[in-house]
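Following: one structure in structure tokens, then a few remarks.
We call the chains A, B, C, D and E, going by the order they appear; numbering starts again at 1 in every chain.
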Amino acid sequence: MEYILGIFELSAINLVAVLGLSILTGFTGLFSFGHAGFMAIGAYVGGILTKNLHYPFWVAIIAAGLSAGLVSIVIGRLTLKLKGDYFCIATMGFGEAVRLIFSNMNYVNGARGLADIPQFKGASLAIPFVVAVIAIVVAWNLVNSRQGRNMVAVREEELAAQMAGINVLGSKMVAMIASAVLAGVAGALMANFIGFIAPKSFNMTKSTELTIIVIFGGLGSISGSVIGAFLLTALPELLRAFSDWRLVFYGLAVIVIMVGRPQGLLGGSELTPSGIRKMLADRKAKAAFARAKAGGRES
Amino acid sequence: MNLFLQQLVNGLSIGSIYALMAVGYSLVYSIMNFSNFAHGSVIMLGAYFGYYAMTLLGLPFLGGAVAAALGSAGVAIILERLAYKPLRDRRAPFLYFIITAMGASMFIDNSVIATIGPTPKMYPNVFGQGPISIGHIDIGRVDLAMFIISAVALVALILFIDHTKLGKAIQATAYNMKASALMGISPSFVIILVFGIGGGLAGIAGILYGMKYQVFPQIGAITLKSFIAAVFGGLGSLPGALLGALLLGILETFVSGYLSSQYRDLIAFTLLIAMLVIRPSGIMGKNAEDKA
Amino acid sequence: MSMLNVNDLHVSYGGIRALRGVTLEVMQGEIVTIIGANGAGKSTLLNAISGFLRPGQGEMHFKGEKIEMKPSRIVKAGICHVPEGRLIFANLTVEDNLKLGAYLRTDRKKIAQDLERVYGLFPRLRERMKQLSGTLSGGEQQMLAMGRALMTDGDLVLLDEPSLGLAPLLVKTVFDIILEFRDLGKTILLVEQNAYKALHIADRAYVLEQGKIVKSGAAKAIAEDPAVKEAYLGAKSTTAG
Amino acid sequence: SGGAGANTIKIGWFGPETGDSALWGQAEFNTMKMMVDDYNAAGGVNVGGKKYKLEVIGYDDKGDSTEAVNVTKRLITQDKVVAIVGPQGSGEAIPIAPIADDNKVPVVATTATNPKVTVQDDGTVNSYMYRACFTDPYQGKVAATFAYQKLNKRKAAIVMTVDDPYSAGLSQYFKQSFEQLGGKVVEQVSFTSGEKDFRAALTKVKASNPDVIFMPDYYNDVALIARQARDLGINQLLLGGDGWPSDNLIQLAGNALEGCMFINHLDFDGAAAAPMRAEYKTKYGKNAELNSYMAHDALVMVVDAIQRAKSFKPADIKAALDTTDLPVATGNNDYLTNPITGHIKIGPTHDPVGKTAWLIKIVGPDMKFQESFAADS
Amino acid sequence: MSVPILELKGLTKRFGGLTAVNDVSFRVEEGGISGLIGPNGAGKTTIFNLITGVYKVSAGDILYKGASIADKEPYKIADLGVTRTFQNIRLFKNLTVLDNVLTASHMSAKYGLAEALFRLPRFRRDEKALREKTMELLSIMGLADRAEVVSNNLPYGLQRRLEITRALALNPKLLLLDEPAAGMNPDETNQLMRLIGEIRGKFKLSVLVIEHHMDLIMGVCEHIHVLNFGCTLADGKPETVANDPKVVDAYLGAEETK
């Protein structure tokens, strides 16, 4: 049971980070390869606070989010003006730099990692789930506010967004900070859940994994990200029996999804009553069109 | 001074490998406008093609290089047809291409691990033993071969792009795919050509890399550095990629040599960010004002 | 001789049926114009002819041969398309753009001559020869697109709203150039919003409404048609100039 | 957790079956399967007079700490194993300690040599964590003593992987001991894992002109470093630790390692290793790796504990593991009951005390045993 | 004389060696509709880009209601009440008509980020008001029945209209229209003319419009400024300008015999 619970915990933790990235990538159109860096910052802040300074979990989690957020302001200032691949590569540079800094930092044991971090037990095992629920609500509210609409406008057409009075850099910055805070929180959760953190856990593969989940769930969909986080955290576990081949399947699955359903599970739509209604209506319209076309051929 | 020269040679040797990788990657970028993160896996396969051509088939080095180039070119083209073309046909945003490329990379790397296995392999020694010494500077034989082959391949490519009609077609397609179709240039053909050339260069990079170091499924990871080199030089610019690669190779070597290799990547990445902040389009990239 | 035959062409975009059975013919040496409201399907028709859109149904023949569905082949066969939105190579210079127009040609001397002729027609382009064409003004870009089409030296030229966004003086020039194209022996299929001018220079005309040809005939006759006058020529006789 | 079905005892294993160290992970798992077959062929394990079959359940941890935590939970709570053999890396062993303690299932690590696997920063012993190998401080000390006293080397250079706990730890302990003895570490260069080009750093090492170069790295890095060092005209003796031994080392290094030496957990050609070596080779068609022997000893420890406890309740096994004292019976062919890597006596820190370290020299295509050190600690 | 809503003073923009706009000065009166015409490449769009802050001014000044906006960021200029449409339509293509306009009306909502994140009362109130206001605007502009259509799927004419609607959602004081009638036939152009007149009255706007359709320019503009090669060629009332030989020569061409 603890194992299953563990997978759910991990999913919930991943979910928090994924939601952050979803805001940044899915809604604002900025593709970060360095989010593991923000997770690392959160994880180390959380780990140090709970282990060395004996603070309670909730203090550590909040502090982790705040510190990742603060760093993101600096990084955002430097990189948010960049476009497309340049932004990706800059964030990747950031992520790797963070990892290497922790690898060289003696206070946290460098590359050997920080062990014996106090772990969630008993009732505190609920913490990741509570945090995940809060994260979902906050992310949902954000993207459905004017700030969220501004982000989407920036994603769609920057120049027009500017002409609509949207502070493009400002909106990107809000998205960046929100996503970094969530990543930082997820990092702290991870540190306390695993009890051990090492810089190499926050390498580019981790950043990629988060991005893949966002895309798999569908860009611009909070519910997609939620489902994606749970499915893709569990999938490697389900495929465990295949050992060597499971990453082959994983890679193949990514390609097949991108090629076969590029919008991801729920690209742009939400699993809310009104969202579902919209999707069904869309379906109907398409079916009607197909019938009409078939009819047109005969005549 | 000797130490300095030795480090310079070390740097050029790494730089020339980065260059072969970066140019192939940059070429594809210039046409497709996305970072082909599967490029590293194609390089890795090239190393294996070359290795098996030389060990199982007993081909000489040149034969191995041709096998690697052709094999990798084939893989790159297949990848384009199966994974990227459907996206292109849908006009998917560049994010999707990048993710697909990552999926492909994961797929290829792990297929190799699952079938051939993760253990590194060593190329037979075809260039002879021991370094070539010039004064107090030692140059590895493989390094020398690599430097020469990279230089020849890259000069040939640049001449091809700048001075042939097909080269012009590639450039035009890079600028505007639909418009070049209007000029009678077949974009599919150009794309296949570009993936073929990029793949061929990747194959050569793979075999050289394998000879210099080892052959193993994670070779592709090194291409991260060539991406950085390409960004340094200006994405999409071939001379830029070349310059960026050599500079990065030398820079890294000097950081390792005069500071410590543990700061090498840290400095490389910090410099990358600094470069992007100061000159977002790299050394040779164009930076025109957006026309509204 | 019949240059282009389009027979019962259907094209749709996902849910939207843009063309619903278009049939038309263009004879060698003619200027044929297609007029129609916004969204009638004019650009769709030209894009289908030049191979950028795959028809759901219907056939097309060029010089008696069935048209293959690849733009590059179609250009080779001698159809040249100046699209709406111009599609110039924004990052190349004006001159490089013109030279790329002659990509499929090998007759160097003739290419040089044609280049001179283009510069003669559009002195503005000569002035801007070395400028990146993406930074040209809208009108300059249109000139470049037309010039580039001349360089491809096709027999049938498809023009999609060539006067779009041009100053009145240049609109006149553009129509003069179209006539010059004809004098060079080219056949022209012209799509225009400026129906008045288009009908003025065309030999024959088709009226496209919601993806269907609703009228066709000699351009003069169409211009006199009261319904056409009402819908496409405006109450008074249109644009200044 | 319960333990066994009617007649079987489930033992867990995990380690890297994919990733950089997959070769060793696979070797471990192969050994586990081979031994379990042998135990079962012999009728099973005798627990309080009744014979039980053994079953091993193994998972891949990709050499990743998060994965390690996942699979440990899975082995304990889903598969209900009574004990776990593995992991091989300290990076994986350290984070699972609390899980083992909470669920009270003993873990015997194979090659995780970092002290923190069994003892926390504050000195608390992880009550359910054990290991079959010696530790890094010990290994570092042996290497330093050997270099200083036997080989008379005074100036050492270190080439280490900065982000690998094993390499970083071993360098630290080597340096400590070597300098305590009066030697000097004249240059220490470090690189990050995955690095393939060491020339810049090696050029620096060359300039420092050491007497010996200590390389606490893994075999494929060692092969690369050695080749590049020789290419740069570095001809000094290279000395290493238990990351070196692998069937592939010499193939990858060519003759670059000729005459070099490393510290090992056993003498591959010794009589104790012979029976298993032969059986493994017959069964899998390749040579057993160092990790095979380590996994062997770890499983022997577990089985011995079960037998002595006369119970396969995890807590009982743990209690019996505390008093493990398995002498080596050199020349004894019954490889299923004897440790191959030397006398294993579990001390108060759950590490084997007084374990022997073996010095091996590379001669042509062979790894020749030189001498052994019984620890004084 | 009252302060004009917009005044350009010696405005100059250079791109490398090319002077696209050269010492141009003119004013747009409060509540007026002015036209900006000139041959292709004369610098008209460049002037729009300068006014809206997309390009930085090389020399000269731009005064909006008497205060300089030359160094302000584009979004700040938009917030002040200056907005535009584009020569080539730039909608938020994948968003619905409603969302396009809703996004642009963001300044009408006053709630902050924290209020949004936790759905505090002001968030709900403002959002509701915003939606109502947007729907109202859509019905004024005749787009209400297409509110849920993804804007990329709109016919061209409606896309132009949506672009204007989106601009209006900002409550602008000055609206810059860059070739709004491009690609429209005479009938559609007439409708557009009427629309411009109507919105000027309804939204109390001043309008500056670039067009090559002289019908439209002559039909709606009270004042016209003519550019040629980046320099002022003429300035004045429509009839005067249209008959100015320099303008005829450089831009209109001699009257055609019908």
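Simple rule for what comes next: a residue touches a chain if its C-beta (ideal position, glycine included) is under 8 Å from a C-beta of that chain, and two chains touch if they have at least 3 such contacts.
For clarity, every value in this text was computed on a predicted model and none was experimentally measured.
Within the contact network of the assembly, the step distance from chain C to chain D comes to 2. Of all chains in the assembly, those touching chain B and also chain D are A. Path length between chain A and chain E in the chain contact graph, taken as the least number of steps between touching chains: 1. Inter-chain contacts peak for the pair A-B. In this assembly, E is the chain whose CA centroid lies farthest from the centroid of chain B. Farthest from chain A in terms of Cα centroid separation is C.
Chain A and chain D have centres, each the mean of its CA atoms, that are 37 Å apart.
Centre-to-centre, using mean CA coordinates, chain A is 48 Å away from chain C.
Between chain D and chain E, the centres computed from C-alpha atoms are 74 Å apart. Residue positions of chain A touching 2 or more other chains: 100, 103-104, 159, 244, 247. The multi-chain contact residues of chain D, meaning those touching 2 or more other chains, are 18, 162, 192. Among the residues of chain B, those touching two or more other chains are numbered 110, 113, 262, 265, 289-290, 292.
On chain A, the positions that touch chain E within their shared complex are 138, 141-142, 145-150, 152-153, 156-157, 159-168, 170, 174, 268.
Taken in their complex, chain B has these residues touching chain A: 29, 33-35, 82-83, 86-87, 90, 92, 94-96, 98-100, 102-111, 113-114, 224, 227-228, 231, 235, 262-263, 265-266, 269-270, 272-273, 276-277, 280-281, 290, 292.
By the touch criterion given at the top, residues 18-20, 22-23, 162, 189-192, 194-201, 203-204, 207, 220, 223-224, 228, 231-233, 248, 251-252, 254 of chain D touch chain B in their complex. Within the complex formed with chain A, the chain E residues making contact are 52-54, 73-75, 78-79, 83-84, 86, 90-95, 99, 102-104, 106-107, 109, 111, 113, 116-119, 123, 127, 130, 166-167, 169-170. Those residues of chain E that touch chain C in the shared complex are 15, 18, 37-43, 45, 87-88, 153, 155-157, 179, 182-190, 212-215, 218, 242, 250-253, 255-256, 258.
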